[in-house]
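After this come two complexes, each holding chain A, first together with chain B and then together with chain C.
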Partner chain A sequence: MQVDIFLKKKLHNLSFILLLGTAVLGAIILTEYDVAKGFSSVPAAIQWALSNFYPDSESMEKFPDIFEKLVETVLISVAATTSGAALALLFAIAGSSTTQFNRFLGQVSRTIATVFRNIDMAVWSMILLFSFGQSAFTGYFALFFGSFGFLTRAFIESIDEVGDSSVEALRATGAGYFSIIFQSVIPSSISQMISWILFMIETNIRSATLIGILTGTGIGFAFSMYYKSLDYNAASLVVLVIVAAIFIIEWVSNYVRRVIL
Partner chain B sequence: MRVKPYNKAFMVIHGTLLSLVLLTVYGFYSFDYKDVNFVEASIQTLQNVKMMFIEPHFSHFTFQEALYQVAITLGLAFLTTVFGAAIALFLGIFAAQNLTNKAVSAVIKGVVAFIRSVPTVLWVLIFAVAAGLGSVAAVIGMTFHSVGYLIKAYSEAFEEVDKGMIDALKASGAGWWQIIFQAVLPSTATYLVSWTFLRFEINFAVAVAMGAAAGAGGIGFEMFMASGFYYDIQEVGMITYFILIFAILLELVATRVKKNLKTAEV
Partner chain C sequence: MTTLLELKNVSKYYSKDIAALSNIHFSIEEGEFVSVIGPSGAGKSTLLRCINRMIEASSGEVVFNGTNIRKLGRKGLRETRTQIGMIFQHYNLVTRLTVIENVLHGRLGYKSAVAGMLGIYSQEEKQQAIRLLEELGLSQHMYKRVDQLSGGQKQRVGIARALIQNPKMLLCDEPIASLDPGSSKIIMDHIKNISASYKITCLVNLHQVDVALKYSDRIIGVNKGEVVFNGKPSELTTDMIHKIYGSETGDLIFEAGERNAG
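Moving on, here comes the complex of A and B:
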């Protein structure tokens, strides 16, 4: 009997590997991915980066310019996340099965959030570019819509984690809907929510770079400008500045998480 | 029992919220609005959105071509996820503190933190200099970021493996690889699969964006052309529908897989 089990396991594993292999092969053909070039390009890229991709003294003169763009991008990310979170909180309260005041409205708000979440920020930015042009609005709204969709799902999960027991207990004492929300639901899930907001700010700074490249604003525009004019020294400085900013934000949010969670 | 109302956590929560609000207000005040008339542009956006979603049509390509382009994007995301998962599985073992020594783990985690903090699009563009714009640069660049993300997720899952189980196997004379394959991987498999699926979902969205921003092909590139070159809002709407349907399908599959895993575990 024991042999059978091992044989079955082996066959199971083998069929899984075969399936995966076929799928990979299919994807390689479909996307015209050149496997040999894929392997050779990694050392080539590293070699190129070591000899060209570092900031030199000339690019340091552009630092104030780059820094100004970075501050703009960080502020847009924070503003979009904070305002997105405020709206997401409303939708999460309406959409969570624990706190919804009406089944139908709950379903509606969950659906709206799903649609916003699944239209990527890059797509939003291209739609918004039509009417808002290269202004700060384009990046702000693209990040706002994306953050709103994502945070609604995250907040619903945070609220559901708190559980119905405290809500039920308060309801039994005759507390009204708003006092349940403000006295029980929000206080007990606020630290989870802040953790999600901080995560979203980090993500948004990275996405803002992409949106900047697509729409010509902020730090992403600075990168693509230097990149396209082959000024790789300045471009590398942009990358380092972004990395530094993300490290600082990660450090701050880790501190906050350690204290509140 | 009386809980102290002004403890550290309370102060930090309120401090964080207050500074977020202040930064937001300052941000709104300092943004470069480029003299865009907000009301006019908003109305125009609403009209555009209405036209996009209510009257979508194809003009530069057909339904079959759109499906083919989505398949390319899915292919890019799939390749990236498989490559990323394979590399991350291997390196994740070495990054888990309970399976290797502290120095190796610290080095891998440091490098990975750096890789993760560089936006994916920058990785793709950096690789594009060496490999040229196209699927190679896109897959390699996206793989870089996936590896960074998955190593973090995997190694954290490995670190939560019950220490007693590893010790028991060690005591019975099992070698390091045996411990990995008989204890660590089987007991974390559910986490690994759900993290990998989550990454596949993210990679689909990233692949769309890379098509638009880094010429990686697929539906994202078509979208970039439709909006940036043809100014054809209705076609953008059609493409958005395509992306939306596939993204929601992926999300449903991911939720289903996670549920199955949870019930299989119990």
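Moving on, here comes the complex of A and C:
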């Protein structure tokens, strides 16, 4: 019997690999993709990047301009995340099974959060382009909606993870709903929530670059502008500045996490 | 002696045919120390929680200090809960807050929504918290975070939180089930002392028959949601213990015959 189980597992794995292989092969044939050409053009791409895609002295003159756009992007990301977090906290309290007012409202707030979470930020920005046009507002709201949806989910998890033991204890003392939320639920889960907010800020700065290309604002716009005007040196400087900014933000948020957790 | 708590035909059904409690009927005098024993799943925790309505009973009456708790509205229930302190097996403290903050949580039942939200406590309440912590031997740990304490210390914080309510009664849900024998003795001694010196009625769920025999004025045995024994420790025979636990001679880690040896 035992031998059978192992044989079965091997056959199972083998058939999965075969299936995957067929899918890849089928896709290559259908799209008429030339595998050999695809790989052989990689060295050429690297060569092009090395000879064109680096900041030179001329592009360094544009640094103050780029830096200003970077600051704008970072600030919008932080603003969208923190305001989204405030709204998410309300929805998370209403949506967590430990703290919900009643079952119906809990379900409603979880559903709203799911809808907002499952629409990608890039999609949000394209929808919002109609209302706000190419302005910083579009980017802000796209990030705000995305952050709100994700953070609601994350905050619900944080509240559930802490459990309802201290909530039960405070209910037993006769404490009211708001006393319980502010004296037990929030103090227990706040550090986890701050950690999620920091994560969201990091993610949003990355997304903001892409959204900026769509909405014509911030650092993303600077990149697409230089890139389209064939100023590859300046475009590469934008990329380096973004990478540096993300490194710094990550370092800061890791430090904050270490202190609070 | 006056009756403080009376349960009349209290039943609890979690689903239609399975009774967690059926027709529970007993009363407790003021100042009494009563233990509830019985196997896991017999309904001890449910019984305790039906008293302060952390769990709603399906039928029956729970009369506490002259009022039927089951008929109370939201406000009345909150007021009654302030009169009943509760102690838990897993302490149920807010572990990221300090000891004294957790003790003061016991006063939240007396506060308005705003004062409770902001955690505004009077000087008197803070002094009472300090006094209680000194009494329970925790004065050195007052400003420590609860997650730095040992299990026994955490349970003492739980006791202080219940006492600062100035309760008429304490409900203790297996207060020593997660503690080592040394800490268990300290906790049981504290609860017994409190009961005697503050004249607080205690209803304690226990797993340890020997502990129940040693500390209680009266023991209530519960099996499958029914009270099968209600009497003095001296009346609890070996046969009765086996009836409560649904066991045969030699099946239990504790044998009633040994009880006079300790």
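As a convention for this text, the second predicted complex is superposed on the first by the 236 of 261 C-alpha atoms of A that agree within 3 Å, B and C clash if a C-alpha of one lies under 4 Å from a C-alpha of the other, contacts with A are read in each partner's own complex, and residues count from 1 in each chain.
In the analysis below, contacts are C-beta pairs under 8 Å (C-beta built on N, C-alpha and C of every residue); 3 or more make two chains touch, one makes a residue touch a chain.
Quantities reported herein were computed from a predicted structural model and do not represent experimental measurements.
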item	value
First (chain B), second (chain C), both or neither touched by A:6	neither
Which superposed partner A:250 touches (first chain B, second chain C, both, neither)	first
Touch count on chain A, higher of chain B and chain C	B
Partner chain(s) touched by A:165 [first = chain B, second = chain C, both, neither]	second
Touching partner for A:191 - first (chain B), second (chain C), both, neither	both
First (chain B), second (chain C), both or neither touched by A:173	second
Overlap of chain C and chain B interfaces on chain A (superposed complexes)	190-191
Residues of chain A touching chain C in the complex	165-166, 168-184, 187-188, 190-191
List of chain B residues in touch with chain A within their complex	8-9, 12-13, 16-17, 20-21, 23-24, 26-28, 30-34, 36, 38, 41-42, 44-45, 48-49, 52, 71-72, 74-76, 78-79, 82, 113-114, 117-122, 125-127, 129-131, 134-137, 139-140, 205, 208-209, 212-213, 217-218, 220, 223-224, 227-228, 231, 233, 236, 240, 243-244, 247-248, 251
Chain C residues touching chain A - in the complex, by the definition given at the top	52, 54, 77-82, 84-86, 88, 90-97, 105-111, 113, 116-119, 158, 161-162, 165, 171
Interfacial residue positions of chain A with respect to chain B in the complex	20, 23-24, 26-28, 30-34, 37-38, 41-42, 44-45, 47-49, 53, 72, 75-76, 78-79, 81-83, 114-115, 118-123, 126-137, 140, 190-191, 194, 197-198, 206-207, 209-210, 213-214, 220, 223-224, 227, 232, 239, 242-243, 246-247, 250, 256, 259-260
